[in-house]
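Heads up, the next two complexes both have chain A, just with different partners, chain B and then chain C.
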Partner chain A sequence: MKLSGAKALLMLPALLLLVAVFLYPLLRYGWLSGHASSVLTGLRPVPNGGANWQRLIEDVRFWKDAGQTLRFAFCSVALELAGGLGVALLLHQPLRGRGTLRALTLLPWALPTTVMALGWRWILNDPHGPLNAALRSLGAPSYGFLTTPATTWFFAVLADVWKTMPFVALLLLAGLQSIPADLEETLRLEGASRIQILRRLTLPLLVPYLSLALLFRLAQALGVFDLIQVLTGGGPGGSTESLSLYAYLNAMRFLDFGYAATVMLATFLLLAVLLGVGWLLLRRARIARTTGGPA
Partner chain B sequence: MPLRRLRAGLRRPPGIPGPLAVGLSALLAAMLLALGVAPGLGRLQGAAPQPVPIRALMPAPLADAVAGPVARFNAKNPGVRLEVIRGPLDTEAISDLAISSLLLGEAPFDLLLVDVSWLAKYVAAGWFTPLDGWFGPEVLAAMEPGARLGNSIGDHLWRMPLTGDTGLLYWRTDLMDRPPRDTDELVAISRDLQRRGKVPWGYLWQGRQYEGLSCVMVEVLQAFGARWWDGASGATALDSPEAVAAASWLDGLLRHGVSPASVAGFTENDALQMFAAGEAAFLRNWPYAWREIEKADGPIRGKVGVTTVVAAPGRQAGGTLGTWGLSLIRGSPHPEEAVTAIRWLTGETVQRQLALEQGYAPTWSRLYDDPELQRQAPLLVVQRAALQHPEPRPLTAAYAQLSDLLTRQVNGMLTGQEAPAAAMASAQRQSLQVLRSMVGTPAAAGTGP
Partner chain C sequence: MTITAPGLELRQLSRELEGRRLLDGLDLQVAPGECVALLGPSGCGKSTTLRLVAGLDPASEGNVLLDGEDLTLREPGERQVAMVFQSYALYPHLSVQGNLELGLKVRGVPAAERRQRIDAILDLLQLGSLRHRRPAQLSGGQRQRVALARALLRQPRIVLLDEPMSNLDAQLREELRPELRRLLCGGEQPVIYVTHDQQEATGMADRIALLEGGRLQQVGTPRELYENPANRFVASFLGRPAINLLPMAHRRQLGLRPEHLILGEEGPLAARLLRREWWGHQQLLWLESDQGPLRLLTSAAAAMPPQPRLSWQRRHELWFDADSGARLAP
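And now, the complex of A and B:
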């Protein structure tokens, strides 16, 4: 596509906005990551010859957090897509009270994350929370859900899925409604089973919506902050700390801006590579499908 | 088509009838006129000059506690209007809030109630004005030894302490005749009571991955003769045999069932609630907990004794210093008036009231000598004893990082992810790494303020 002068001019405001909110901060991070800028330098940037990057490479905590962030994002997004699809298919059925049901499904999505996380923290409280009260009424001892790394991680994922599945479901529901009903009707008349319709018609036509939900959710989940900060504070023993939380601590609590910028930039690069690879894979899959399979 | 309908709607002329439009514009004009003229009218009538506004940011509990004194201050000083901003309850949350505004340059407050563990960082960032011009060295001399700590850095006074709180040990007077004298006794009494079915748990404390765990660690390290921070060399000493012994003791409390495993997720309030429900023999907490227990109509009301924290046999015990004090923000447009407010809020009258109503420990020695106050605030004797040998947290600008590191490792140990020796060795290694990278060279690490 060739850009005419008028078109380029029309794109200029959007481009300027992108530069201001995206490119400038990135360049600034890049510049700051080459400096020591902490309480010990009086918050003034002092060039430190790549010491921040060297520290990052040797920083066990950064890599551990990176692994934890990826694990969290992949698990929760996978569950959200699967669950969201199920919910969307259910809400697409001509049920009585469907409107009310759809509104109810959206409730968790409408709640502020902080409030939701505080609620979960209370539910899981050991020993006073309702979940432990239920356990004890069954004769079992109370359990430290938020002091055992495995269960803490599990509930962090669960809380995220609970909150954002409605978003995915809503997106996919819109997709479902864009599929012409007569296509489905035709397939059914030709004797296709429900599973066949889902596999051959619904899912392929939903792919654009699925990939949109995937990219949205992945970008959000990889930057998870508020849920972790409120629910676990990164604990126990740092086992749920995410990269965003680590960057935040470096900047706001440790006042170590040079290193915080390095962590942010490294996180950004990591995510850009990941999302880029994901996008390429999706595109290849789509081309493969439209051209009738890979060579 | 919806779009066409929308366009039609846009093209329709506005539906406000003529007379109403005239009325509305007249009203608007009158309002604008009033806004412009009113201040001038006030000046014409010779109204009193506006009082100088002084704003102080405090954590919610302390903001509520000083509400009365603030009202009296405003009544006595018509030229100043002191206003307290109620910050969040959590110590770290309020520091994050303050830092967010301080980083932007012009903070919307003149005074900040500063936790003892923040001071070095804020001073290094250059956010405070020293108070030497208003308070001479004799001021601190009139305070208890522990209350003098953590207010001066270098040759300057940066903070006037409002409370003299330290960590204390709470014990059940209905379960034992006297409190334990050392850590061995604490464990022995706990296990004996647990064996006899008197209480489900022995000792409750704060083990969540947050600043409260650092406060516990300061006390336990001291109790086993270890030091977190070596001020002389400007480095940490967390892998010493004593430090490992301290961590092992804490870990053993959980493994032997003296403390419940849930302690690893406890903040002050979690531990207090469980103790107040009568489920344990001992509690580590701050002075406020005593009033909370006595105020509530719980099962152990009137059965709680308070004493200083204990050490291993033959060691010197020390409660963690957890004092709050007021600092003056650099760039405050009204430093004189702000200092007047500091003087009043940290003065004897207000501290006496805080001791009586909330149980906060005063800083002034004269208040501890007052027989009337001693009678009304029974905790005073213990608080004074605790202020003779308190343990401050490392006084370095890098403290937030060191504390975060240590709580992360220790909480990992408490939740079974690492053995005590490995956890402490790792904390030590990472601490030195952080100190090196923040200033460049290891030797310079200690030369921070």
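And now, the complex of A and C:
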């Protein structure tokens, strides 16, 4: 594509914005990660060679958080895709009041994460939350849902799935609606069952939408911050701490800006590699969506 | 229950949706190997009829019978119906071969037999070289043939075609007609061929069923419909250029086809030439008469008399009730 002067000029604002909010911070982190900049240096950046990166490689907490972040992202995204597909298939059926149902489904997605996370924290509160009240009314003792690592992790995933499944469902619903009805009808005339139609026709045609949802959600889940910060604060015992939260703590609590930049950049690189691979897969999955009609 | 002839029979077939009659009491018989063209203007219920026969939509009244067996409540997959959609409905993610194979796979046909049947049909339709192409990589005509191949592969008991050529250009349509007839008609299965092109209907079908507003207007051979139309709608829908309708006394209309008007120096109607259209060996004359505008089709060589008058043969007169459009005895 050739850019004429006018076109280039029109693209300039977008380009400037991209540089300002994306490229500049990235370069700045890169630069900062080569410096010590903490209370020890009076918050002034002092070059320290590769010391930050050396520290990162040896930082057990970083690698543990990386593992936790990946586990969180993969589990919640997998559940969201499966659940979102189910919901989308349901909403695609010609049901009475389908429009209302679709709007209702979007509700959790519309809620700000912080509000949603506070809500979950209240539900899980020990001993005052409704879940513990329900347990007690059944004669069981209260349970520290957010003080036990396993249940805390479980509910963090659940809250994330609850909030973002509507988004996935909506995206997949758009995909379902893009499939012409006569394809399914042709296959039905061959005597195909619902399962066969789903497996042989619907899912293959949904692959581009599934990959898109996967990519979007993976990018968000790998950078998870607000949900964890509000719901668990990374606890108990750092068992739900994510990389973003760790970077944030380094900067805002430990005031170690040089190392925080290093963690941030490493997180970004990790994300970029994963998403790059995902994007390549997505490109391969692209299908020319022609069913017939004029050439 | 009355004894039924072999073939497809539609009895009082109706579909009502949201209080609207999309199809109203259609009675139609299609013999084995016969091709009936379902003809009519856009929105008259042609696709609706096919969907009812295929079982894709439920009938609100009436029955679909095949060789006397009632299919009305059968699932589409159990009817052994092959349908070619207007859009062709090719699976976009599969190659030509994959498109042909999927239906066989779904029905559990073993791999060796699948291969053999697909090879045979690809041969028959000369599609062998396109085997590994995706639908997006085919021309309109090629897509149509793949859709046709897929339908024939089904070894159907009924073949339904919904405007299978509407996406093709006029020349290709004309070229493909004999091939389509050879492949589809004269076999065992009854064929319903939907079109809104009367020339295609005449060329493809043994009989034409003309539909309007969800009601069957007339069914018969193209010639029957042309020579002996049941009402004004049939008379005006068939025949191009369209029939002239002259207002007459006693709320009657006289229908005269443009090709039946005779241009000369005598006759009951005086006319004045407005415009000529050249059609190669013929010419279409747009005339103004005392009874309103008229179209006249005549040989290109015919000369224009100085005081032109129009005449016709009594046997070509078609009389209609001006209000209801019903056919009247002369």
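By definition in this document, the second predicted complex is superposed on the first by the 258 of 295 C-alpha atoms of A that agree within 3 Å, B and C clash if a C-alpha of one lies under 4 Å from a C-alpha of the other, contacts with A are read in each partner's own complex, and residues count from 1 in each chain.
The criterion applied here is as follows: a contact is a pair of C-beta atoms (placed from the backbone, for glycine too) under 8 Å apart; a residue touches a chain by one contact, two chains touch by 3 or more.
Just so it is clear, the model here is predicted, and its values are computed rather than measured.
*Asks:* When the two structures are overlaid on chain A, which partner does A:A8 contact: first (chain B), second (chain C), both, or neither?
*Replies:* After superposing on A, A:A8 lies clear of both chain B and chain C.
*Asks:* Is A:L111 touching the first partner chain B, the second partner chain C, both, or neither of them?
*Replies:* neither
*Asks:* Can A:R55 be said to touch chain B (first), chain C (second), both, or neither?
*Replies:* first
*Asks:* First (chain B), second (chain C), both or neither: which does A:M252 touch?
*Replies:* So A:M252 only meets chain B here.
*Asks:* What's your read, chain B or chain C touching more residues of chain A?
*Replies:* The larger set of chain A residues in touch belongs to B.
*Asks:* First (chain B), second (chain C), both or neither: which does A:A36 touch?
*Replies:* first
*Asks:* Quick one: is A:D182 in contact with chain B, with chain C, with both, or with neither? Answer first, second, both or neither.
*Replies:* The second partner, chain C, only.
*Asks:* Just checking: does A:G191 make contact with chain B only, chain C only, both, or neither of them? Give me first, second, both or neither.
*Replies:* Second partner only.
*Asks:* Between chain B and chain C, whom does A:A82 touch in the aligned arrangement: first, second, both, or neither?
*Replies:* So A:A82 meets neither chain B nor chain C here.
*Asks:* For a test of understanding, state which residues of chain C touch chain A in their complex under the given definition.
*Replies:* Contact set of chain C toward chain A: 54, 56, 75-79, 81-83, 85, 87-93, 102-103, 105-107, 134-140, 143-144, 147, 150, 154, 167.
*Asks:* Would you mind writing out the residues of chain B in touch with chain A in their complex?
*Replies:* Touch residues, chain B against chain A: 92, 95-96, 99-100, 121, 124-126, 208-210, 260-262, 264-265, 270, 273-274, 397-398, 400-401, 404, 408-409, 411-415, 417-418, 430, 433, 437-440, 448.
*Asks:* Along chain A, where are the residues that touch chain B in the complex?
*Replies:* Listed in rising order, the residues are 36, 38-43, 48, 51-52, 55, 58, 60-61, 125-128, 142, 144, 146-149, 233-239, 249, 252-256, 259.
*Asks:* Tell me, which parts of chain A touch chain C in their complex?
*Replies:* That would be residues 180, 182-183, 185-192, 196, 200-201, 204-205, 287-295 of chain A.
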